[in-house]
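Take a look at the following structure, please.
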Amino acid sequence: MIIEALIAVTFLAALVVFVAPDEYAGRLAAALSVLPVLGSLWMWAQYDASGNALLGGSIAFETDFVWLTLGGLDLHWFVGVDGISLPLLVLTTILSTLAIVSAWTPISERQSQFYGLMLFMEANLLGVFTALDFFAWFVFWEAVLVPMYFLIGVWGGPNRRYAAIKFFVYTNIASLVMFIGFIALVFGLGDSVSSMRLPEIAQALRAGELGGFAGLNAATLKTVAFVATFLGFAVKVPVAPLHTWLPDAHVEAPTPVSVMLAGVLLKMGTYALLRFNFTMMPDVATALVVPIAGIAVISVIYGALLALAQQDLKRIVAYSSVSSMGYVILGLVAYTTYGVGGATFQMIAHGLISGLMFMAVGVIYNTTHTRMVGDMSGIADRMPVTAGIFVAGAFGYMGLPLMAGFAGEFFIFKGSFASTVHSAMPLFTGAAMFGIVIVAGYLLFAMQRTLFGPFSFDGEYEITEAPTHDVAPLAVLLLLVIVLGVAPDLFFGMIQDAVNPILTGGGL
Amino acid sequence: MSEWIAIGALGVVAVGIPLGMMAVSALLRPSVPEQGKRATYESGEVPTGTARVQFNIQYYMVALLFLIFDVETVLIFPWTVIYRSALDQGVGLMTVLWPMLVFIGVLVVGLVWAWRNGAVKWVKSPLANRQKTERNA
Amino acid sequence: MVAPLQSTTPLPDTIAGLLGLSGTVGQIVGGLIGAFIIANLLLVQTAVAGPWAKRKITAAFTDRIAVNRVGPFGLVVIVADAVRLLSKELVIPEGVDRPTYDLGPLFVPFSALLGFAVIPMGNGIHLADPETGLVFAFAASSIASLGLVMMGYGSNNKYSLLGGLRAIASNIAYEIPLVVTAASVVVFTGTLQMSEIVAQQTEPLLSIAGVTIPQWFAFVNPFAFVLFVIANLAEVGRNPFDVPEAPTEIVAGYQTEYSSVYFVLIYLGEFIHIFLGGAIAATLFLGGPAGPFLPGFVWFTIKIWAFYLFTQWARSAVPRLRIDQFLDIGWKGMLVLSFANLALTAIIVGVIA
Amino acid sequence: MSLLLQSADAGTPMWSALAPTILLGVTGLVLLGIDMLWPDETSNTVLAVTSAVGSLLAFGVTAWFLVAGTGQTRTGGEITLYGDALVVDGMSLFFTLIFTIVTAMVVVASYDYLREQRHRAEFYALVLFAATGMTLMAMANSLATAFVSLELASIPSYALVAYLKEDKGSVEAGLKYFLIGAVSSAVFAFGISLVYATSGSMIFGDVASAVEGSEMVGVLGIGVLMIVGGFAFKTASVPFHFWAPEAYEGAPAPISGFLSSASKAAGFAVAFRVFVEAFPLGAIPAGVDWVLAFQVLAVVTMTLGNFAAATQEKVKRMLAYSSIGHAGYALIGLAALSAGGPNGDVLGASMAHLLVYGFMNTGAFLFIALVEHWGVGRTFEDYNGLASAAPVAAVAMTVFMFSLAGLPPFGGFLSKYALFYSAIEAGFWWLAAVGAINSALSLFYYSRVVKAMWIEEPAGDFEIGSRPVGLYAAVLFAGIGTLLLLPGFGPVIETAQSVAAALF
Amino acid sequence: MVPPQYYLLLSAAVFCIGLFGILTRRNALLFLMSVELMLNAANINLVAFSYVWGNLTGQTFGLFVMAIAAAEVAVGVGIILVLYRDFDDVDVTKATTMRW
């Protein structure tokens, strides 16, 4: 029941904060958000399951009961974690707390509503990463959109309405497409499943029990469903060319929201891809290796090139996220322990690093009130700590050894080079590695222009070191990035354990 | 059916006799057209304004009440017709009486409500009018 | 159960039998002749009641002599008046609503005459006896209201309009007590057929010293009878309920603008209406044409004339009510009493039976 | 009490199965009684409390019956009363649940709405009488009772819509509602007469056995079509939907909520029973394919309602059109029936959707009542920035809007899902597809309200003087209900489907 | 005995007259009268077929239809009265403060 408790506590915290007075809301929210952090760490410490939750492995902290009976398919309340979801759970709780703390400075109006929504979003994210019934999962999945919509729309920048609507429409349509695709799949399974529990569906699918539905035969149905769900999740990831909502959302969103968006929400997409497409339908995935890997590589290169062309620091980080998520997809489609496991690890790593980057940009913005590369230079003189962490984070992004980013990218490349799903995989991997060069280029370029060199700043604001509560989350994140880089096995072991069952049987 | 033929016959006669009288009268009576006597009668004064005057709203209230109650009598009559024979055939008293008592009771509640709310009050007393005005003010 | 005074053969059939006709043709011919007879019976009675009896009675109340010049007891005044009224010029005022203005006066006698179709008058003078006789009588007599409002509206006269409205208001206010009270009789009879209602009243109620009192509903339920007569009085618009044509307030109400034959028709209709009211009351409460010694039709005539005399007495002896008092009595008094009567009757019948 | 027994034949239960109906009716009479005792100074509080207590009591009794299994298969099947004219079964109780809870919310909300109005007792009494009629509609087992109870529900509604008689919009709304209502009731009555002409009975079961192999198929078909028309009016479906936007916009907002949820549900209640019981799919002649009629109506209704709603500038009117769209969804309950299909599931899903709809839609209209109470305007622009002035109510409204749109975290999602799912299960996946597309479209206009309230800047300062207790309580109650129907949807849908299955 | 089809024809004719009135009249009161015609068309059927089928259901229901028609008129005339007060007309097409 620990998972329910975690979600419930977070929901309650959201409620309490929502009605709390504005002055205390931020501190209250931060204090309350420590509870889920402790809970998730305790779960991590107590974790004793093995295998993939969907493929017959044991499930930690499992609860399962019938939520409602509907026709032939019962809907369950079914939650639990395995090696894939637990690291994401920990990431979510930690990043939420840090994001809330980092919001103290920039958010200056309607605070209680802001923090309430942040906690509400966190609660739903916990649900997304723990739910093992399609229906419960989908409810949480969609419920994340609502607070995000408000967070961007109410507290965002000047163009926030457009960004919020764009985000909302993109992701909702994507969800609808995905939902229809998946439901069609479930109908295709017919009587071979009695509920929408993901393990049941995954095992039935891998056992080849799919039938036809709505005039489609089994194979076509499976492909159609795969494409539909892939598209639905790809919007969330996002991959090019479905990424156009992301830069708008990031630029307009306030920093803490960007942190959550890049750090956790994008991972929902890759997590879902892993759970649904790559776990349940490996045969289709391997058949479609070329387009998928192609999309991944295009995302990597195209995202990186776009980042190179940006003047806005936040846009640079945002596009670099598109690029990074491309690696994840490449790793997933490789179908090797290191590929899939590395992709999963990269989700965590990228979550921490991109959070760090957005936060650092935010801290600089809080002081300078600009994010344009050309508007400032030599900031490091006045804000040495922030600049130092920023640089460290950027190196992490570039894949500097002993940082988490290195571990993730290394695992992915290792896995995808060795991939046997398609003879062209090494080619794709090589092309994607070229992305690293570009990343290094644009990050170095941006830091060179803003942080170093002679100090100059046109604005009327005084540039001083940021307050401790702004810098502290940065430091914590940097510490985590380094810890994970040094000891990737904190998570990688359980990830590998959960990933391995995917790679055997079921059409592979 | 024959009784309705007879009734129809009486209907014809009942129209025929007045029409016959009108015919006789038309043959007998003089016709001296003159503008003055065609004037609308208003006690010898020159008629003023239209004859379609606004009248007391209570007429409308009464009409509404009538509409309801008169039609309810339609529902009462079937009951009265079977009441006694139902009793004779051994149907329990309450079974036949109770529904109509409830029905009449509801009607009476409606009537008393209308009464208390002045639907059948032809002239509102000045006192009541003043109270109304004060409350609305 | 055949009442001794009641011929079971309806009048049209009797006539058809006398003429030797049968089938539909016989029914139609018989019906027309029967209807003509009944209509003329009523016309004769009205002729006596209207121009002559009414004046005599009023005169008696006010200690005058009234019509006595033409014929014995001035009876020929009836003919004189008829000719006089029919030969008057028909003045049609300006701005009347023509079809309405013309149709109104037709409706009043039509309605009253039609009501008589179902009244058993004794000695086989009973035009038709449908199962729904009682409600038919009420329905037919209600048509008159339509004529009244047409006259009031069509006359293009303020007095007429108010008179028409008042007529409607009074008719509808007292029609419900009337009908509900009649319903309390139906609770006893269990039928709406007039012949059956009459027949049931010939049953003996009780015998006192060898005199058998029949089960007239006036004896069985005197309260209902009183209510019915009062409501009936209001229905026919006679004192104390003659607000629709209150001469001191609104000249002559809806009849203000009518002259010549139209006036005759209205007048005729009102008197037949009084007789119809009496006839329904007699049928429901006084055993219809029943009575000792004399033939049924004579008894029936006596009863309806009794009611007529009662209205004329009231006209002379009772002051007129104000319209608000009039409606108050109707809605707050008569209606509640009639419902109480119905409920009580039902309970009593239920407990006794 | 033994005197009050219905003595038709041995073993027939007491008419106490009608307790909810009687409670509602008696409460209406008591309200009139209160108004009789103090005609000039009727206390708004006393009236509101009385009506709320009455409707909640009725709700409680209904819920108790439903839980205890009154009239359901497990306790001996439906209870028929008064010579089969009324039937108390799970379905009627389920719908009664909707009516009573909506009535309770509406009367509580009306407490504040009516503060400045005259003739309050009449208002409450009419609401309760209409609710009484609705419960009877759910119980009607004969075309006669169906018609009479439909009118008992409609006639007070006409008066309620035109209640603000100084307000031109209200009167106009009342007029249009009344005119179309009168026509459709005439059409309905004529349809009943035609069915009676072909079958010689009005009891559903007898009609069903009589229409099987009926010779006058043409007359029967026209009759059935006309009956469809009568229901289309009550449920605000095409082709008798014209009144709905006008009536909902012009009527006092609590009444709009009442009509668009309870009254609509009542229309569906009686439509379900009439078509399932009186014209069962297996028995009707081939020429009388009412399922096809409902399929056309469902698709046209939901599409028309949604597209029209998307073009509105006034929030209340948008809700009115969206209510038409929801009628289209609920019509799937009849459109997706087939001989031998999982009909109970389909019908039950539609019923469950109506229950959820009762909460979210009533809540939305009550929020509008709240806004009207504050004197804020009616267009989307007028709602700008409302969330900063009244965050709690705005949260509730957001819940209603997203739930109406069918976003997952709210009750509306599950009910729509259940509806579409059962349609697919019955083989009508194209109906579900049309529904899903419409549902996605509806997010556009619902989110406009949310966007206006939360994201847009207020045009001017709001003068939100008071926080009316009754309205707030009702809105919050509806909001919590909408939320709780997400986790608590299980019992609802199971009850609905099991009681619906009992019909077949 | 009159064949039942004739009743159907008669009632259909009355119904159509009512419908025609509804479609062509703009006066609210005439509209009401047309509705009454339609209801009475139903009554014709009900009573006629009550006779044909030999049960009383139709007649009884006819009484209810009458009662309901009266109630409907009572409310309707009330609304029309208020309409007249607010719009100075009983033309149903004049009342257009809202878009149709």
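Residue numbering begins at 1 within each chain, and the chains themselves are lettered A, B, C, D and E in the order written.
Basically, a residue touches a chain if its C-beta (ideal position, glycine included) is under 8 Å from a C-beta of that chain, and two chains touch if they have at least 3 such contacts.
Per UniProt, the chains are A = NuoM family protein; B = NADH-quinone oxidoreductase subunit A; C = NADH-quinone oxidoreductase subunit H; D = NADH-quinone oxidoreductase subunit N; E = NADH-quinone oxidoreductase subunit NuoK.
Given the structure is predicted, the values throughout are model-derived calculations rather than measurements.
Trainee: Leaving out chain D, how do the leftover chains split into contact groups?
Mentor: A | B, C, E
Trainee: Among all chains, which one's averaged Cα position is nearest the averaged Cα position of every protein chain shown?
Mentor: Centroid comparison flags D as closest.
Trainee: More C-beta pairs touching across which pair, A-D or D-E?
Mentor: Output for the comparison: D-E.
Trainee: Greatest Cα-centroid separation from chain B: which chain?
Mentor: Relative to chain B, the chain whose C-alpha centre sits farthest away is A.
Trainee: What chain is the most remote from chain C, judged by the mean position of CA atoms in each chain?
Mentor: Using the mean of the C-alpha atoms as each chain's centre, the farthest one from chain C is A.
Trainee: Please compute the C-alpha centroid of chain A, do the same for chain E, then give the distance between them in whole Å.
Mentor: 66
Trainee: Chain D to chain E: how many Å between their CA centres?
Mentor: 25
Trainee: List the centre-to-centre spacing of chain C and chain E in whole Å, with centres computed as mean CA coordinates.
Mentor: One centre to the other, that is 32 Å.
Trainee: What's the distance between the Cα centroids of chain B and chain D, rounded to whole Å?
Mentor: Averaging C-alpha atoms per chain gives centres 38 Å apart.
Trainee: By the touch definition up top, name every chain pair that qualifies.
Mentor: All chain pairs meeting the touch criterion are A-D, B-C, B-D, B-E, D-E.
Trainee: State the interface residues of chain E toward chain D in the complex, per the touch definition above.
Mentor: Interface residues on the chain E side: 4, 8, 11, 15, 18, 22, 28, 31-32, 35, 38-39, 41-46, 48-49, 52-53, 55, 57-58, 60-61, 64-65, 68, 71-72, 75-76, 78-80, 82-83, 85-87, 92, 95-98, 100.
Trainee: Taking the complex as given, what residues does chain C use to touch chain B?
Mentor: That would be residues 10-13, 24, 27-28, 30-32, 34-36, 38-39, 43, 83, 86-95, 105-106, 109-110, 113-114, 116-118, 127-130, 135-136, 155-162, 165, 168-169, 172-173, 175-176, 179-180, 183-184, 186-192, 251, 256-257, 260-261, 264-265, 268, 323-324, 327-328, 331-332, 335-336, 339, 342-343, 346-347, 349-351, 353 of chain C.
Trainee: Of all residues in chain E, which touch chain B in the complex?
Mentor: That would be residues 60, 63-64, 66-67, 70-71, 73-74, 77-78, 81 of chain E.
Trainee: Show which residues of chain B lie in contact with chain C when the two form their complex.
Mentor: Listed in rising order, the residues are 2-15, 17-19, 21-22, 24-26, 28-32, 37-43, 51-53, 55, 58-59, 62-63, 65-66, 69-70, 73, 76-77, 80-85, 87-88, 93, 96-97, 100-101, 104, 107-108, 111, 115, 120-123.
Trainee: Where on chain D does chain E make contact in their complex?
Mentor: Chain D residues touching chain E: 143-144, 147-148, 151, 155, 158-159, 162, 165-166, 168-169, 171-176, 178-179, 182-183, 185-187, 189-190, 192-194, 196-197, 200-202, 219, 242, 245-246, 249-250, 317.
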